Every structure is written in C-alpha cells, then in structure tokens.
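Chain naming follows the written order as A, B and C, and within any one chain the residues start at number 1.
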C-alpha cells in the first residue's frame, strides 16, 4: 500500500514538472532548470560522499571538465553529438586517473588530495587563456537546434535529471551499491569479507564522475556559458552543503537540499544582498540540529510516529 | 592447516611478537591465550593481512600468504570475527550478511537489480541463528549480543575454511557463554571449519579447545593439549603469579 | 643571475615562508588534534585584518600602536574562536568529522557576509608603521623592512608553539592525541580541554596572520579564500598535524614562490597544487615521514 502511494506521488510530481512550462513564467522555469542541474550534480557527489563514505571535497572538477570539453569541442568543430558524449567521457577519464591515487588514501588525507587535485585543474583552466579563455571562460556556448527555446532547454535538463536519477537509484540499491555502502561504513570489515575495497571505491568514484559529467552537460544547456568559477573549490563546497542540508544518508536528500537552497537563495536575493549569510545559517542549523538532513529528519519523525502508534495499539 | 613460522613484529621500539612459530591443526579448535599485551591481536592482524610482519611467514595449506591484501586472504578461506563487533552500522542485519554473500557469489559489480541468491542465503543463515526478529533492523539499533552473533553469521557467510575469532565471549553475560560455545562447536563439526580463537576466560578454553597456545610478551611459552597447559609451571606463573 | 639577487630572493622567500607558517601552524595544530580541516581558518585570518584596521583607527599610526593593535586583533580573533568552540563545535565532538568540517564551512559563509554588514563592501588598507617602512641594504640589494615583520612573527610562533607543545602538560597531551587518540582516551584523559586550546591557539595565529599581512594587502571580505587553499597545501606537504613539517613546507613554498615568479610566471599558481598532490600521492604522511 505504502509503496504504491509513493509511486503515485512521484508520478504526479514528474507530470507536474513536465507540464510546468505551460503555467509558469520563464524566470520560474529557469530557476527550476537550475534545481534539476544542481540536484543531479548533488546526487553524483552523494554516491561517493553519503554512500561511499569518501570525503570528496572537490566534485565540481568533473562537472567543470565535462562542461568545458563540450563547449570547446562544439566551438571548434561544431558536432553537438560528439560534444555531448565527450563531456562525460572526459569527466570519467579525470575520475579514473584521480581515483587511482585517491583510493590509496582515506579520511582526511583523501579529502585533502581531492582539494589539491581539483584546484590544480582549476588553476590550469584559469591560466590557460589561449585554450580555455582563462578567467573569462566562454561567454556564449552553441547548443543544438532542438534546444533553442527556454522551454526546450528546461525539458532537456528535466529529462536528463530524471533518467540519471533513476539510474543512480538503481545503482544505490544494487549489489554493488550495498558493497559500496559497506566499504564506506567499515573498510576493515569489508576487507575481511573479501571485498576488494580499493576497486569498489574506485568504481564508485568513476560512476560518480560520470554522472557529474552528465550534470556538466546539463549545466551548459541551462547556462549556455562556462567560466572557471564552476571549477573553483567554493562551488564544490556549496554542493556539499546541498547534500548535507537535504540529508546524505537518503537518496532524496541531495535533491531536496538542492531545491531548498536554490529556492531560498533565489527568494532571499530579491530582498537582500547577504545570500551567503543566509546559506551559512541554514548550514549551521542543519549541522547542529538536523545532522541527518531534512529528509532524514522527516523520515525519522514518521518512523517514530509509526513506532509510537504500534506501542499504543 | 595454518603454520606460523618465525614471525616477528615490533611497533617503534616495542617488540610485540618475537620469533613466534606454531601450527594450527586442521579440523580442530585451537585457542590462543595470554595476558593483555601478549600480542594476540597483533598476531591475528598479521594473519588476516592488516599488519605486515618484519620477519617470518604465514602459511595456509602449504601456500605462503604473508603480506597479501586482507581481501585476498579472506577470499582464500580465512574468516574473521572481531572482539568488539565491527559491522556495517547503518545497514540492516540482513544487508550485513548479504554483503558477504554478494562477494562470495561474484556479484560485486552487478550495478542493477538484486542478487536473489545472496538474499536467500542470508535469510537461511538468519533463520539458523534465530535472528529473524531483527532481520530488517539497522545494526546501530541492535543489542551488543546481536552484534556478537552477527559477527559469527557474517564470518560463516564468507565460507571460511579457517575461522579466526577474537574473544568471541567478551562482553557477553556468563549465562549466555554456554550458548555461544555450543554454536562454535557445532559449526566446527558440521561445516568442517578449523577454529582459531583468542580468549581470556580459561575455563571456557578448557571446555572447548583441543589445542592451546600460550603467549606472553610476544613469546611462545606453551603449545600443547589443555591438560598439559594446566600443569605447566610457566603457564601457572603467568595466570596465578610467581608464588603459585 | 647575480648572487646577491639570489640571496635577496632567498631572504624574501624565507620571510614569506615564515608568514605562511604563522597561518599553517594553527591549521595543522587543529588538524592534528581535532582531526578536522578548519575551513574557517581563512575567515579568521580575514577577521584579524579587519580588526587590525579598526584598532589602528583607534590607536593611531605609530609603530607602538601598530604592534599593540596586532596583538589586540590576534586576541580578539582568539576570543571569537573560543566562542565558536564552546558554543558550536563542542557539541559535535564524537559525531562524524564531516559535520564538524561543514560547521566550520558555515562560518566561512557567515563571516564573509558579516564583515560586509559591519565594515561595508569597500576595501581597506593599513599604513605601514614607520619602523617597518623603507628598506635595508643587504647583499648589495634593497629588501623591504616589512619582511622583517614576517620573519619575527614566524620565529615568535615557532618559539611559543615549541614551548606549548613540549613544556606544558596540555601541549604534551595534544601531541599524544595527534599521534594516537584512542590511546589517550584509553588512559582516561579528557581531551576536551586540549581541543579547546588547540582551536583557540589556531584562531589566535590566524588573527595574527591577518594583522601582520594587513599593511601588504587589500583588506576585503574575500581575502581569506585563496590564502586558505595555499595554507592547506603547506599543511599537506608538511604532513597533516605535523607542525615542524609545516615549518619546512612553508619555507619551501615561500622560497619557490619568490623564485617561481622569476622562472615560471604563467603557471605559477598551479605549482603549489601540483607539489601538494605529488606529496600526498607519494608520501601521504608528509615530507618528514619515513
């Protein structure tokens, strides 16, 4: 019964999202697009952070190299299809190469290496003016003809999000997903039940970089431009905040977190300049009072409610 | 089954094990005893691949396994339980056991769907160990005792030929120790598993082990049957003090 | 290249390195003891510079006023760290380290905007005190006297930290916690006080760093963003939690930077990241590890 109700709610939400451009103005549509791009990016991070227990502090690298690869390729050759494939492919190459070194470390050492490697990529993109456009980035990136209106771009980011989120959900609940969670929670124990933890963690990083790469394509569709800011460590930190605010131990957490943060910052920015302050307070409150995030908090409330009902029956 | 050959290990200046050699016979229960700091845990960590010895070899059925990765040693048939339950805290009891079966069934890289075989195997071991009631409870919400039993269930799920158990009765009420002993004995006989365990409770050791190895300050001071151990003056000295 | 120019660049590099050390020492102390990256370290550095600006406004332009203001700024930032530790961070000990690190990140966001609310969005400068303006004639070239300030602050930090780590009981516990936390806990030593001191000392050093850098930089709400990353790298190369490793790494960074500008101007900003990545890959426990 409960399962069916969940699916119905989900289907209604998807239908509403698909038909949103019919009722909403173009600004709201753009904000929703941003939510889908960010939510997919956050989901890709949470595969390694929440499930894999790895302190990935610089996920933005994979989004960034994918977005840049697409943009540079399309600018120079014009083939959109190859560009779209190239983005995630380059992200996976970066994920694999970095991952090989990362999985040899754990805990805070892992986190520090993600920052060092990520900032290295940022510094190169930032300074390689002749190739990447340096600090200016690429202000106008061409898109295929079927993405010329804002509604089309919106539907594209939505569909990319839905397909990727479904795939990630399946992965999280697969046998591999179980072992990734196990490795993240207790590496020594995982080894003693014959899990090759390094390979499992590396696979997690590669999958995560692939989906971050896809979110990079989605990002270009949304913004139609790229700049080195998308690779800066603060962008990675912000997505970490989205994951935490939503809840890193639940699948929906990063999606809800992204939506909440984007909505609050969008609304707040109409009234004040101090957006970072608002974000900081949200994060502070989450860390102190809702460490399991919004979704984790709600789940626990419902869980406690059911338990309480049982007790009184 | 398992041969410890001339193993030495030190931490900084502290010598934890020195020139240790003995055998763990196949199909029997062997106990490793000694006071705190005797080097029992260090030896276990060397056998399971979590520590590297400075000197010496670990041989499993004529195969040198010294210095291999822990996951390889585990896949060669050495299972392990930990003194303080060391599990996957956010996973349910069933998922903990399933994790072990998934690796064993070669389904590590199955990214979609579920592994029904592992699920059924987990269900069956949960039935056998009377854990059905907590099957879907996350381990963090389970009692210490359940954790201890889950330790054994998970080690069994890896299909070990040799089971290393670090203080299987530690922290368990006296009344339930007998229960655990029965389970270990049964496992050993039914599944032909060799058991090698550490323990501080001498009476427990005498009732279950067919061979005893005694360590003190990293050195082997006795190796033989339990009866002889009780008569050995060296062993008495450690457990009862010099005057005994 | 003229030998005297090499010598002067070396001296400038060492002074810069000493400045990085003032910041890195606090970060690595917190890392070693609390096992967290204090993302707010850069913000505390920024606060140090802003307080410096305000205190100098009160105390005046003299050399004495400069040093008094620097000490006051460092103490004020130390006090803020104390509040952060007691009111916020303390409640997260025993929880996952990720939560503690995200807490410090929330402070980055909050402090960044708070200084804009208080001091506005303009950038400020602090005048160089008389004693430190001008330059010395050493090795046949001129070196700004200002570098002396970095050098002295760095040396002072070295001495005081050494006294703390090796001559006080709390410092000894801090060292023990950094190498083997479970052992310290097993001995029944309450590590909470150690945590508090480490966090506050880290804050004082960050504030001091901001104060002494203030005459050389534009004081803005973003001034901590890039420096924090550089200091992270120093800490990595020195070995997380290893104060003396950080000292060596800071000096290496300072020197390579002062020469790097001469040799590889274009990708100069990429080099520190590359060095840090290589060290983490080859020697994750830092350059001093065996």
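Odds and ends about this structure:
By our rule, contacts are C-beta pairs under 8 Å (C-beta built on N, C-alpha and C of every residue); 3 or more make two chains touch, one makes a residue touch a chain.
Keep in mind the model is a prediction, meaning the values are calculated, not measured.
Chain centroids computed from C-alpha atoms place A closest to the centre of all protein C-alpha atoms shown.
Among the inter-chain contacts, the highest number of C-beta pairs connects A-C.
For the pair chain B and chain C, the distance between mean C-alpha positions equals 47 Å.
Look at where the CA atoms of chain A average out and do the same for chain C: the two points lie 32 Å apart. Centre-to-centre, using mean CA coordinates, chain A is 41 Å away from chain B.
Across the assembly, chain C contributes no residue in contact with two or more other chains.
By the touch criterion stated above, chain A contacts chain C in their complex at residues 49, 55, 101, 104-105, 107-109, 111-113, 115-117, 119-120, 123-124, 126-127, 233-234, 237, 240-241, 244, 273-277, 279-281, 283-284, 287-288, 291. Chain A makes touch with chain B in their complex at residues 170-171, 173-179, 181-182, 185-186, 188-197, 200, 203, 207, 249. Those residues of chain B lying in contact with chain A across their complex are 48-50, 69-72, 74-75, 79-80, 82, 86-91, 95-96, 98-100, 102-104, 107-115, 118, 154, 157-158.
Within the complex, the chain C residues that touch chain A are 31, 35-37, 39, 88, 91-92, 95-99, 102-103, 105-110, 112-114, 116-117, 225, 229, 232-233, 235-236, 240, 266-267, 269-270, 273-274, 276-277, 280-281, 284.
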